[in-house]
Amino acid sequence: MVPRPSDTSAGSETPRDPGVIVSPRGRFSRLRDRRFWVRVADRLFTGATGAAALVILGIATLLVLLLVQSSYPSLTRFGFGFLYGTVWNPNQTVLSPLIFGALPAIYGTMVIAAIGMLFGVPLSLGIAIFLTELSPGWLRGGLSFVIELLAAIPSVVYGVWGLIVVVPLMATTVEPGLHATLGQLPGLSGVFAAPASGYNGFSYLTAGIILAIMVIPTISSVSREAFLVVPNDQREAALSLGATSWETTRLSVLPYARRGVLGAITLGLGRAIGETIAIVLVVGNSYAISGSLFSSGTTIAAFIATEFGEANGIERAALLELGLVLLAVSLLINVGARLLVRRGIGPVGGAE
Amino acid sequence: MRFDRDVRRKLFSHAMAIACLACVAIAILPLGDILYTSAVNGLKVLSFQFFTQNSPIPCDPRFQTGCSFGGIYNSIQGTLLLIVIAAGIALPVGILCGIYLSEFGANPLGNAARFFADVLAGVPSIVMGVVVFSLFLLLFQDGYITSDYVLSVLSASIALAFIMLPIVARTAEEALRLVPTTTREAALALGIPRYRVVLRIVLRSARSAVITGGLLAVARAAGETAPLIILNPGNLFPFAPALGLHQTTASLPISIYRWIVSPYPNWQADAWGATFVLVILMLGISVAARLALRERFGAALR
Amino acid sequence: MRSDPTAPEPRAPLPPMPPAKLRTEKLSAWYGKKRVLEEISLNFAPNEVTAIIGPSGCGKSTLIRCMNRIHEVTPHARIEGRVFLDDQDVYRQEATSVRRRIGMVFQRANPFPTMSVFDNVAAGLKLNGVRDKARLDEQVVKSLRQAALWEEVKEGLYAPGVSLSGGQQQRLCIARALAVEPEVLLMDEPCSALDPIATAKIEDLLFDLKKQYTVVIVTHNMQQAARVADRTAFLYLGKLVEFNATRELFERPKEKLTESYITGRFG
């Protein structure tokens, strides 16, 4: 790739083009200088790496521009109503107008992500605390290795497992059980109401539980990193006051690492809202809003995945607008998370 | 009184340790069950032919005879094709970008690229799928005729490359940063040009970590389903297994997805076989990558 | 170990060693396979400041960290030998209660990051179940006074602890340690990150603190040891070389090694 001084400069000794006047000490004599070629190679190399860095920025820009451009018909036609409309009707008839409203998908995304976080965050933090603070040394390595493996399972596998193992379990045992217990408490009867079609296991709750498992590797590994940078003298400060190991965690480790932990949770949330195939397989894919966690629903990502293949024209634009909504939310979440994680090292406003 | 309190605190600390251990156990449980269930169901169809035959046509032994389980040959072929193209794009660009970030990136462009690489890594893969769809529509649509290329191996590979790129770039950067500054300075002091120092010395000493990062990104992309649903929804009737860039092809994740939601017994059985293969493959890559990293950078990466 | 066993014992300016508050007996410590302390036997007298000096890496920190059982939280660290507090083996008691009785101040000020000045000082009390607001207030003010910090923070008790200056943070850590009313105070190079003025403040403080506590201070700074300590122990490569009244040790070292060290010929 890089021209060698020997072969390239040899050719330039007798320039073919008579139009170019070459003085012996002129511009072309540089071509014989090895340092010149080194400089050229250096420039080329730096340029290539810089171009690669620009590609990243290019993709980021492309993402936003393309989605806005391609969802433009829907953006202009439905305006803000898109966000709170509840009907998705691509087939215009005399009685039902063509209309696209995103609320059921947005609602499902929020509910399912909330359930995922509700279970996933405490579990992940428990794991991270155990692995960095409380575990005996001999257990630590093996367990963290196994936890990291959770991240290696592709989401379609979680989906298949959820569909075949978790969905039936939810339908036969968990959901009726919750209905019979928590569902009897005042105020909770709506949340744990039996769906009209009976328990089939395809529900917000099932999807949320699968999601909880899927966010564990992200949240636990990022918060573990945050715990690992807590300086030991922070822990020792608590220990030397007579704190137990749990009290040390609560007093020193968690407060010191709080930004990092918050960043970890946010990153997990980002993963949660974007999860697609595992949700598609267990959520039931019905475009509806229901207060009961046992009803089936959909999420933005799942809805795009199930509908995109058949969509055309304005419906495709509407689906792309859903994609834009998802992108906007995920950008917001990820930018937030990165700011938190990046500045998460160390306490705020330390005097040192 | 004092004694009581101390005992209570100690017990509480132990109780919290046990609760946290329980969290670990709860997380490991699904992993175990995934392995167990996919092994039990998958081994029923796993044989040598499973790797050499194409996907079967749907068949229900209650109504038909001579049902075949077929295999995942064309699915693996498609996944490999997608991955090779995606990696062919994402690895060089990603590694170059990682080099820029670690060697020349202490400037606004570097900071922006680093930041956006992190942000891109968090963009849902389905969004990458529809964006590449729009991109191809823009590039190839001819009037109302949608070109073959919109749904194709090529578009799907590019979406996968977009997904891999930020991961490769950031892991490469981090790997290169582990090379001590003194190594660079020593080499530069010998009068070796900068590009040679980076390529021959810095990149070489960080080689295995860079490769590992690339491997993990490849594994991540190989298991992606969402962008393929949009761009390469698959070819489940491979009378002529497609390998053209403008065609769609079967792939492991899509086959699993289509098969498991189908009502056909042979497809469902195959779904488990393919799931088992995919799980073993992914765990294998992950374990190998982590072991390699640990060996090389034991202390630095814990 | 004395270089000249026949030489007459020089007269010590201090009264002879009173019964020890804290004492180590053949204390050895390891990090993994590496032995960093070798059979240290030392007595620490009540109401005195004892300094531990020695070149970097000789095991000073390890020694005091063995005494309040913080050493054992380091992975692969272990000890042999014994440590007595009031003639009771600390390794046969609850680690948490030992640490409550033997407070510690670290090289780098390490206030709890999210807590206010008040909460930092009250943290140890709250751990021990003190909930009574009046009692907490009283104890916090008392500890801040003892740490000579009260006048500087009384207007900003609820400001974050980390917003104080370095020297103030270190005194905050001293107040935090004092609040649980320990009997012994271990200080590991408490002034090494501070400017001369802040250092002088803490040194002055030590004269007050020793009226109530047994103080052990690790220091690199020999002037500091000479100024504040009643007795001084010199450690070298994990061994106790010499232990004597401070004046004695600095004016008439018995060991050649001690003499070389305090005259700055190595370390």
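Some points to look at:
So that you can tell them apart, the chains are marked A, B and C in the order they are listed, and the count of residues begins at 1 in each.
Note that a residue touches a chain if its C-beta (ideal position, glycine included) is under 8 Å from a C-beta of that chain, and two chains touch if they have at least 3 such contacts.
No experiment lies behind these values; they were computed from the predicted model shown.
Of all chain pairs in this entry, the one linked by the most C-beta contacts is A-B.
The chain closest to the protein's centre is A, with centres computed as averages of CA atoms.
With centres computed as the average of Cα coordinates, no chain lies farther from chain C than B. Computed centre separation for the pair chain A/chain C is 49 angstrom, with centres defined by C-alpha atoms. Here the spacing of chain A and chain B, counted between their Cα centres, is 14 Å.
Separating the CA-averaged centres of chain B and chain C is a span of 54 Å. In chain A, the residues that reach two or more other chains under the touch definition are 244, 247.
Residue positions of chain B touching 2 or more other chains, listed in rising order: 9-10. Counting only residues that touch two or more partner chains, chain C has 96-97, 127-128. If you check the complex, the residues on chain B that touch chain A are 9-10, 12-13, 16-17, 19-24, 26-28, 30-31, 33-34, 37-38, 41, 93-94, 96-97, 99-101, 103-105, 109-110, 112-113, 115-128, 130-131, 133-135, 137-138, 162, 165-166, 169, 193-195, 198-199, 219, 222-226, 229-230, 233, 253, 256-257, 260-261, 271-272, 275, 278-279, 282-283, 285-287, 290, 302.
The touching residues of chain A, when paired with chain C in their complex, are 137, 231, 233-244, 247, 251-252, 255-256, 258, 347-352. Across the interface of their complex, chain A is touched by residues 68, 70, 73, 75-76, 96-97, 99-100, 102-104, 106-115, 123-124, 127-128, 160, 162-166, 169, 173, 176-177, 180, 193 of chain C.
Residue ranges of chain A in contact with chain B, taken from their complex: 2, 38, 41-42, 44-46, 48-57, 59-60, 62-63, 66-67, 69-70, 122-127, 129-131, 134-135, 143, 145-161, 163-165, 213, 216, 220, 228, 244-247, 249, 267, 270-271, 273-277, 280-281, 301, 304-305, 308-309, 319-320, 323, 326-327, 330-331, 333-335, 337-338. Put simply, chain C touches chain B in their complex at residues 94, 96-97, 127-129.
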